[in-house]
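The two complexes that follow have chain A in common; it is paired with chain B in the first and with chain C in the second.
Let's turn to the complex of A and B:
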């Protein structure tokens, strides 16, 4: 975050506003809550198995999105190539997983 | 570039020092490419695990084996360490090498705690549950996936430890900053992989 100011000498003075820790603590608390929901759903038992699978996967994907967006700065400007690299990596990983599940379950 | 070098020369650190030089920017970008490759690598291990998780060969099953409190403790430790490495980078951006070093040290100590729990967990399985590497297809897939993640944590501890030593020898500048930034990215990625491990391996193992 920069705000450039014209100095009397004609030069450009840079003034930086450093981000505080608040945003990251919010992400941390959000991650803790998602983790607690996932563990509680399993520890409590009695939750329908196929519902639990969907719930757990949604909690995991949400947490990963938030952490990669804020802690790894993927949501910031100028991250098109990193996002592309990660989409590429997750696409191949997902293809491998779907392929082997299909392979095992297809009978 | 020129302003970055001028600022480095007169003792001040540029804003976001990890991206102040072309070399620094290249390092960060190339590291993202590496993380894409890491995602593929862990993806193949997850694929193997998911395919073989029910092939227990009359050995222990996931439901009999796993204890959630231990997994929850390991998860909490790694999540906190990811937050402390965010604080380390924020201290770096404010040009406070001492604060940066302290947060990196806390991150390393938490990483050691996580690794200790994992070693304890594996040794319990081997000694008391007769669940070794060759017990079943499930055990092989489990140790390969979770052990590979643990090896990444161990590597990260050594790496960040060396960077702490280098930081106190050479100080914080546009050459050391990209190294520290990239190691923090690595540490976050290790935490992201763990989110999938505790979900897919441990929690789904309990659900069945």
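Let's turn to the complex of A and C:
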């Protein structure tokens, strides 16, 4: 599944072209903005508590996608298996946690 | 970069031009990172623990040979059943599975080693030291006695006051590290190191099941790790996760244990499925029937395996809806498993079947495992399970799938790949004796236990009263266990006699080898493939054979081969974890000796152990290991 190719000399040839740094700079600023919004929402103190929780969660989810996609390169080609395994892991862990919590505490 | 000038000079004394430290004897085994040698280490260590677990089983059966027997007392019996289960699963069969994976997988996919040779060695040594720690309990104040499932509240410090369960939690955590490392290693190996042309759907079935098994390990072992850590906290640091009196919940332990425990049984059986799927086509001279359905069934079993854990807990009171759902999901697993059974039968159908020892084990596997599967579906029915629960019916069921399934598969695999691992064929005559004594003993031991369970004999009881019609069946069961022991001794004799013969197995000793491991010498050179082979279809070697070619077509010119350096660091790291574990376990003890109490109670022993481990990690990170090269000239000589 990897797009790298092993050359006979044992070196690795990258098949995908390298992008410039612009996109990464934009994403980096975006990450910081997400963090600042979350921080400001709590630090300012004026925001309704339940709204702040929802806002924080939304910021967190966006942050996860940005980090995974750009900094862990999951958006690039040849990352199907890591994505599959992560979905699998979330699915298994999620099922187990939800079911156990349900039975142990609420049922 | 230690080797500089002499390597570039392509002259005759080149072999000695390397600055490669070649260890010999014991140091060679301690420092090796070669997957073939690690396979042999796994085999000996796993075999040792398998032997210990087997002896424990024999002692259990001797105690149960007649009613009101006084051969063992109740405490020792509880320790024996706990250690029998734990040792067999975590320290016996899983390492032997890893032995076969290590020996075969890189060869089957045309690779020169696993993806992370250093981690491979680390995985072995952490497993070994975890296993040793667990078994030290016998001489350090008593073995764990809460059953292999260590159910709370019995396993909490309220009811288990000795260090037995601490040995269980800490030993298994250390051994579990090794398993997790091994699983991740095989995932990376199979994803990234397949030879050119070997697409996923051209991989041999054993490579596929190893891949899926490793994925299950990756997802399931974190659950048991969490559970063991929580139990350790409860017992040693006074936490209350499972202490009812302090608001903890013992059923939570059952959930965590079985979220791991049920996928664990598929971790055990899927490699056996893979082994059988290699042996049967070879000795039927036919390609595996329904290859893609086999792959699909393997993935489906792995997926469903995570959705059924509560069927171990029907009687804890989950409610009728949950019980019904988990009944159905459990029964669903019979569908992909059935696909596999029929595929093996159809592979043999119309083939030129040769009943060599490996194929005898494979053929014995099919009906035996099917019987275990059928009782599994019976147990999956929640209302019926209320009757079967905690009786010998359950004991019979899981021994049919684990011994009748996995152990027969492992024996078959060992006989099949022995010439590839050691360069010597095991004796066919003794192999057949092994098979017949073992399988007869197996059915004698466990077939009658179905009826003992249905008649009401509970599991884990250390004795029983006479005149309940249990006497004769228990006697038969014990005789059968002895016969299984005889089968194992014949196998060991076979191994011993074979080891005294000269190395002389052919590249393809079974003559009908289909996969890449049979295209290279037995045992393979340390670099496995002089030239990486080009894979042109499923059953790569068989395809070349039918095309009239002498061997595999190389996918690369002969060139220098990069090898990983031998290192003792994995061994040292594991010793560190071992010391830290022991130190932590005894951190609350009063030794009646000021010095001992001081170093244990202040976590000094633990700190020393962790210092050794993390110090080794620092060494590994600071000093780059560039490995070394085997030059083409040396390949010609070899």
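FYI, the second predicted complex is superposed on the first by the 73 of 107 C-alpha atoms of A that agree within 3 Å, B and C clash if a C-alpha of one lies under 4 Å from a C-alpha of the other, contacts with A are read in each partner's own complex, and residues count from 1 in each chain.
In the analysis below, a residue touches a chain if its C-beta (ideal position, glycine included) is under 8 Å from a C-beta of that chain, and two chains touch if they have at least 3 such contacts.
In this text the structure is predicted, and so the values were computed from the model without any measurement.
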(message) By the touch definition at the top of the document, which applies to A:35: first (chain B), second (chain C), both, or neither?
(response) first
(message) Going by the contact rule set out at the top, does A:43 touch chain B (first), chain C (second), both, or neither?
(response) first
(request) With both structures superposed, pick whichever of chain B and chain C touches the larger number of chain A residues. (result) B
(request) In the overlay, answer first, second, both or neither for which of chain B and chain C A:103 touches. (result) both
(request) Answer with first, second, both or neither: which of chain B and chain C does A:22 touch in the superposed model? (result) neither
(request) For A:94, select first, second, both or neither according to whether it touches chain B, chain C, the two together, or no partner. (result) first
(request) Quick one: classify A:67 as touching chain B (first), chain C (second), both or neither. (result) first
(request) Please work out whether A:53 is in contact with chain B alone, chain C alone, both, or neither, and reply first, second, both or neither. (result) first
(request) Would you mind listing the overlap between the chain B footprint and the chain C footprint on chain A? (result) 2, 81, 85, 88-89, 92-93, 96, 99-100, 103-104
(request) Would you mind writing out the residues of chain A in touch with chain B in their complex? (result) 2, 14, 16, 18-19, 21, 24-25, 28, 31-32, 35, 38-39, 42-43, 47, 49, 52-53, 56-57, 59-60, 63-64, 67-68, 71-72, 81-82, 85-86, 88-90, 92-94, 96-97, 99-101, 103-104
(request) Provide the residue numbers of chain C that touch chain A in the complex, in ascending order. (result) 191-192, 215, 218-219, 222-223, 249, 251-252, 255-256, 259, 306-307, 309-310, 318-319, 322, 556-557, 559, 562
(message) Quick check: in the complex, which residue numbers of chain A touch chain C?
(response) 1-2, 8-10, 81, 85, 88-89, 92-93, 95-96, 99-100, 103-105, 107
(message) Show me the residue ranges of chain B that touch chain A in the complex, using the header's touch definition.
(response) 15, 29, 32-33, 35-40, 42-44, 46-48, 50-51, 68, 72, 75-76, 79-80, 82-83, 86-87, 90, 93-94, 185, 188-189, 191-192, 195-196, 198-200, 203-204, 206-208
